Amino acid sequence: MSKVELQNISKSYDKQADVLHNINLSIEKGEFFVLVGPSGSGKSTLLRMIAGLEEITGGTLKIADRVVNHLPPKDRNLSMVFQNYALYPHLNVEQNILFGLRAKKVSKQEQQERLKATVDMMGLSNLLKRKPRELSGGQRQRVALARSVVSEAPLCLMDEPLSNLDAKLRAHMRIEIRRLQKKLGLTMIYVTHDQVEAMTMGDRIMVLNNGEIQQVGEPITLYNEPANLFVASFIGSPKMNLGKATLINQSLRVEDSLEIDMGSIELTEKIAQTANLTVGIRAEHILPAVDREATHKLEVINVEQLGNETLATFEVGAELWTAKWLGQWSIKVGEKVPVHISNDKLCFFDTDSGLLLKAASPVKEKEVAVV
Amino acid sequence: MTMSFGKKLVFYLLLAVSALLLFAPAIVAFLMSFMSSQDILTGKILPETWTLENYIKAFERFPLFGYLMNSLIVSLLIMIGQLLLSSLAAYAFVFLEFKGRDTLFFIFIATMMIPFEASIIPNFQTIRELNLLNTYTGMSLPFFAVAFGTFLLRQHFKQIPKELKEASEISGMGDFTFYLTVVLPVAKTSLVTLGVYGFLTSWNMYLWPLLATTDDTVRTVQIGLKQLQSQEQLNEWGVIMAGGLIVVLPTLILLFLGQKKLQKGLTEGAIK
Amino acid sequence: ACNASEDKEDEGKAEAKEGGKSGGKTEVTFWHAMGGQAQVALDEIVEKYNKSQDEVQVKAEFQGTYEETLSKYHSVGGTDDAPTIVQVNEIGTMSMINSGNVEPIQKFIDEEGYDMSNLEENITNYYKVDGKFYSMPFNSSTPVMFYNKDAFKEAGLNPEEPPETFEEVEEAGKAIKEANPKMKGFALQAYGWLFEELLANQGGLLLNNDNGRSDTATEVAFDNEKGKSIFKWVKRMMDDDTFANYGINSDNMVTGFLSGEVAMFMQSSATARDVIDNAPFEVGVAFIPYPEKEERQGVVIGGASLWMSKGKPEEEQQAAWEFLKYLQKPEVQAEWHVGTGYFAINPKAYEEQVVKDAYEKMPQLQVTVEQLQATKPSVATQGGLMDMIPEERKIIETALETVYNGGDVDEAFSTAVEQVNDAIEQANAARGE
Amino acid sequence: MKEAVMMPDQYTQIDLMKVKKKQRRTRFIKGMLFLLPSIILFSVFLFYPMARTLYLSFFLTDNSGATTVFVGFDNFKNIFTSPIFLKSLQSTFLFVLYTVPGTILISLFLAVIANEKLRGIGFFRMIFSSTMGISVAAASVFWMFLFHPTLGWLNQLLEALGFEAIGWLTDPDWALISVSISTIWMNLGFTFLILLGGLQSIDSHLYESAEIDGASYLYKLRHITIPMLSPTLFFVITVSLINAFQTFGQIDMLTRGGPQNETNLIVYSIYQEAFENYRYGTASAQAVILFFIILFMTLLQFKLGERKVHYQ
Amino acid sequence: MSKVELQNISKSYDKQADVLHNINLSIEKGEFFVLVGPSGSGKSTLLRMIAGLEEITGGTLKIADRVVNHLPPKDRNLSMVFQNYALYPHLNVEQNILFGLRAKKVSKQEQQERLKATVDMMGLSNLLKRKPRELSGGQRQRVALARSVVSEAPLCLMDEPLSNLDAKLRAHMRIEIRRLQKKLGLTMIYVTHDQVEAMTMGDRIMVLNNGEIQQVGEPITLYNEPANLFVASFIGSPKMNLGKATLINQSLRVEDSLEIDMGSIELTEKIAQTANLTVGIRAEHILPAVDREATHKLEVINVEQLGNETLATFEVGAELWTAKWLGQWSIKVGEKVPVHISNDKLCFFDTDSGLLLKAASPVKEKEVAVV
């Protein structure tokens, strides 16, 4: 319910200058805002600055239209869920949840009311007397969430809250957190290094690298139109296949080994004039040439059968390209396989600046008839 | 890991021999404390007849029980004092950020290098001046602040996730409350380690209680033992040994109970 | 922390320092250095005294050896922790006077006109400094030579005629060794006091300025043949392999004597009861020896006297004085004498029945008295007086040990002289002299 | 219009600076409050005495320790020309040389054999650590008897084996060794505990990996155990060193510095000088020397030792 | 190159009996054999028993046709890579790699030769003088591998070697390990809890649960024909959708909420006679009813856009079922979406015994024309 504004925020540590650099950002009330980026890119730092756990070196931070740079954490009216949950190991679930309320001297009765409501919502009612070490990872996670919910703070910060969980539980918790946030109308700032989480949970994603914003936008936008090479290779799994390319007339030569005819596709002036081109194509756009005409034959370096899909890896010059096909395909390592690379699915980047020159032609949004 | 029978045998042999050698002095003392003087003077190894005479005498000759109580009080006082002061200081060094913290910490650590014995004279004079000779305070106060304890606890506190502190900051909890309600309970094990260690070392103190007491009513058991030994002119070894055993029994028990924790706690604090 | 401990401290202190009164009685703390049989005897006397009246309660506390007691007293002198009465051995006299923390008992003698003349003259001689009594004599001893009569018999020596001179001791030692190779002849504990006594017995002075009695001593007076003769004597016995070395440990020496490792040794008469009672053989007691070419002069009074602290309440001091007087009574001294081996400082005690009975059983106890009475009064037998004598003893002890362990006599002796002189100089400097 | 917008911003700028300063101050005060009890006690019982000791070392004193005459560096000159003090220094260093390596080697051996996973190992660990619970006074009494020239088990054993009895505590050639033996014994427990802890924190996978590689027991000891234990070893060496320089109790009970000052270790010498000879001045001078020795040894150890230590 | 045979192997600890129970297994020379199972199922124990680090309580273990129950680890001629690598922190890379050879007193010259070969193969040549703490996770992993390779032991055991790596590095190392194993012809026993690793690396997989073998077979077999409910829900991601079902005539009622007409599909006698049935269907077999006729309409609980695929979650009685569709679908939470559940893709299990009654009809193996 709180709007968060960052104006020219920057951060330097004694030992490391410019951990964050001129961050300008506005997060809307009730928005689920996801922060992604490689390790060390400054995600946690940003979050902790918003929480007031880290001093702000420069710029202005506003929460709910109030400058809060100088306020200690407790006066910012927010809650935070830590990566390792930060549960007090010597307190039981109930005491953990109420810890903050007690510190704030909330009346006993209100404590109990809020506790009950929260605990019911999170399904923790019959774990109240357990110590954290007697809980499973997922249960701990929920306690940490409950602690944040019970505080009724309108702004909630989460730092990689799911990274310690196993895949199954993680999938489950993803849904729960999202549901809760919607229900309570929280403004959520959520740090993760997991792309699936980023893609599936956020209203908007911000990609951070080296303390600079790479792109802010809706998940699908980031997937389809990555602003630069970094975002392209960071968002999506398997990562986008990339290769250096030279354009001669309408023919594209990738990594000195792959010729792609651009046919009738119109290439802007910009692309033609870029000295060093990099092209990218998503794994699902290298198609098996079964129903389609084969554009290339590529040698298979590795095959991974995931059951419902098959990942084939090919060598393209110095690069390894991966294709992702639905179903189970019987391909053998060493075979040369005919594939179809749709030239309209290529993205073009300027190798030097890394910027996107042209995105792949939009995929048609598929719809299911809704009743 | 699997170990062959022969290897096991070798180890047991080594262990048994070492244990025997190491414990021999204590065993000798134990045996002698049950011997009559006659047995001792004739160089017996095992008592001819087991007698409790020596223990009775030891208690009769000396207010050993009072000494034990004094030792207990002084050791407990020092233990509590050390726990309190060290944990407060360690808390500041771990959880608080302020100017000059690292310098102060360095100074604290440097005090480990000052031998107490080297400054015993002025300390004695101070205690005398403060009129604290022959008081429990005088015997314990100088040992409340110990760099070792601060250092040990600091190492343990550092293992408490920083997020606990931050979480409590966000929920608006003050430092002292956090120290009391979170740090102390969470670091229980390390407090026990320091407690046991502090208790053992103060129970075994020698020079200071020797200087700081002149009065039987506050004397500690170590000094009592020394007196027992210097007083028994004709080598009533049985009585002396009985006294010795009475003196070591409480600490041995404490040590055996706390051994595991102590070992773990001490190494952790010592190394990292 | 401070608060919590203060509470306890108060309790502790309350017990420790109730001071003047306890249950209506005036309490007198009495620090002493009496272990073994002597402690048993002393505790008995104190208990009797406490029961004998209901004004004064004496609390006797053992404080370790004389050295430890003295140093402890110095460390608390002038504070509330100081005892009412402290027992200090003879050589601590000067150090006590200099400390300024004592109440000379002359004050009480004068106030009450107490008669000190019924005490043994030799003893009062020692403790009268500049015509004034600072402390009350209590336990006085001299060193004597204990010997194993059975061993003497075995070696064909006359057990009733113990050796008198250094040379005779050596001869006896050889005879004993001959008869029983496992037994040594003589043991001399490395103990400064014994050195001083052997010196006095030849008429040698310890310090200049008349043993420090006419003026503060400025250097040693034993840097001569008399002093060295003792070292040489030991050396000769060592060469004969008739000397038993127990270092500074008196307990071990006594054990050695009792278990038949050595046939003769010198020690304070104070241990007489302990030795006689515990020996599985007949113990002889003799005068201490002297070099053949010298004449026997006798011994210096050893043992200790009792001192009163300054700054204690009038009442407490008075109570202490009462107790001190009690200790002089013939019947008390008699009991003390036979219970330990110390003299009776009050000669009337020898007429008590207990003493007579004891002499029947243990005629050896008499020797100590005889030796003292045979002493020729002189500056030498009056003994040295200075505050650094404890240090002198340490130095002599080290020198003796050096010889015991094969060191060169001349070197050890001259080093010792040098060191003692240094110590004297330093002590005088510290007093600003 | 523009200015109007700027104004509040400026205010907040100034405010922020002030607020920050204030916050810094309160943080400092809070830190100090937590440290205050320790700082006070350190000052009273550590820093002040150090200064006082230094001060005293320039004076002569009376029996109660009050200064009488200022003598400058005379006390230092005196002790450095005094054969007794020089002897005491020599004995102290010898003592350190005997006890520190002795303690470490024996406890290392004990820790290594007690680190095996065997049935009943807890019992052995308990025995090996037991001397930590035995006080100096008690241990000295135990050893005093063992060293007894006639009754002592050591001499009885020697005689039974047909050797000469040894004057353990009276023979100047043996006294320091005897005291060292008993000291090593007293220190074993603590050192053992720490070393065992160090051993147990070595990842067992390292041994398993070596096992698969076919390394022998001694090879593992030499190439895994010792290097991995080096931080712990470093710690115990430092602590043992400092402790060895501060030995007092066993001297007081076993030998009182004798024979011939052979065992007159520096702290005992300080004690005697101060509390038996009443020369607080020279005693303080000795204490100052002791302080510098320990400081120097520790620094030296850190300089030389650190390099060889492997930290995770 | 070593064959490994386990005959009736079982293991009990002092504190826990029957950690492994009657394991019978034969691993062929040169095979890449993967062990999976939930935490605590006994995977590490089994591996450590083969290595000789753990005593065998019962049964016979043969390596290369020789009974080795009694042999110490060093005489079994194998190498092992530990989960945490177990690198010697005080030794540099070279010393770490050569540790075993030195212990075995291999000649200096041979040491150097083997070192060079291994190091070149693993790309560690310029890291030789570094200490482990100066290496990145992936580099450490390679050192651990190199140590095992340099020993030239024909049998290699690995215990979750990749579990500490991040996703990208992990994908890379998967390929490398597999390549190496093929190249050296090693017999590999590989423990993992990661299904992608299991599916893509192993020639055969063994699923372990509670110390008992659940199923052994090729990855695809396990995916398509899970022997029981445990394997069904353990293999594959998202996990197989399961639901209790009752069969009335040819109509299947799932979780009391979904009616599936079995149409012409022949159900065996066995299925008809089973009292408690559980049916399962993989996420990719719940199809969007676009080209196909809708069999059901389900309410959407959650939607996850992964960029190249969309996961939709539906409520089916008490269970949550997930569908996985290729491409980007615009569905909203709360909508009722028409789906097609192919009745031939259903697996049938006996709820009580958990055993598979009928697998889904085989997917047609897709083939690409190979040149």
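Order as written gives the chain letters A, B, C, D and E; numbering starts at 1 within each chain.
Assume a residue touches a chain if its C-beta (ideal position, glycine included) is under 8 Å from a C-beta of that chain, and two chains touch if they have at least 3 such contacts.
Since we're looking at a predicted model, the values are computed, not measured.
S.K.: Starting from the defined contact criterion, work out which chains touch chain A and chain C both, please.
M.R.: Where chain A and chain C share a partner, that partner set is B, D.
S.K.: Sort the other chains by how far their Cα centres are from that of chain A and give me the top one.
M.R.: Comparing chain centres, C lies farthest from chain A.
S.K.: If I rank B-D and D-E by number of C-beta contact pairs, which comes first?
M.R.: B-D
S.K.: Express in whole angstrom the distance between the two chain centres, defined as the mean CA positions of chain A and chain B.
M.R.: Chain centres of chain A and chain B, defined by C-alpha means, are spaced 55 Å apart.
S.K.: Could you grab the centroid distance between chain C and chain D? Build each centroid from C-alpha atoms only and quote it in angstrom.
M.R.: Result: the chain centres lie 39 Å from each other.
S.K.: Could you check chain E for residues that touch two or more other chains and list them?
M.R.: 52-53, 72 - these are the residues of chain E that touch more than one other chain.
S.K.: Among all residues of chain B, which ones touch two or more of the remaining chains?
M.R.: As it turns out, chain B has residues touching two or more other chains at 1, 41, 84-85, 141, 144, 211, 226, 235.
S.K.: Would you give the residues of chain C that are in contact with at least 2 other chains, written as numbers and ranges?
M.R.: Residue numbers touching two or more other chains: 1, 75, 255, 259.
S.K.: Which positions of chain B touch chain D when the two form their complex?
M.R.: So the residues of chain B in touch with chain D come to 1, 3, 7-8, 11-12, 14-15, 18-19, 22-23, 25-26, 28-29, 32, 40-41, 43, 84-86, 88-89, 91-92, 96-101, 104, 108, 111-123, 125-126, 141-142, 144-145, 150, 175, 179, 200, 203-204, 206-207, 210-211, 222-223, 225-226, 229, 235, 237, 240-241, 243-245, 247-248, 251-252, 254-256, 259, 262-264, 266-268, 270-271.
S.K.: Spell out the part of chain D that touches chain E in their complex, as residue ranges.
M.R.: 203, 205-206, 208-216, 219, 223-224, 227-228, 230, 310, 312
S.K.: Where on chain D does chain C make contact in their complex?
M.R.: That would be residues 37, 60-64, 68-69, 71, 78, 82-84, 148-151, 167, 169-173, 256, 258-261, 272, 275-279, 281-282 of chain D.
S.K.: Within their complex, state which residues of chain B touch chain C.
M.R.: For chain B paired with chain C, touching residues are 41, 73, 77, 80-81, 84-85, 124, 128, 131-138, 140-141, 144, 211, 214-218, 226-227, 230-235.
S.K.: Please name which positions on chain C make contact with chain D in the complex.
M.R.: Result: residues 1, 67, 71, 74-75, 77-78, 95, 98-99, 101, 190, 245-249, 252, 255-256, 259, 261, 387-388, 390-391, 394, 397-398, 401-402, 404-405, 407, 415, 419, 422-423, 426, 429-432 of chain C touch chain D.
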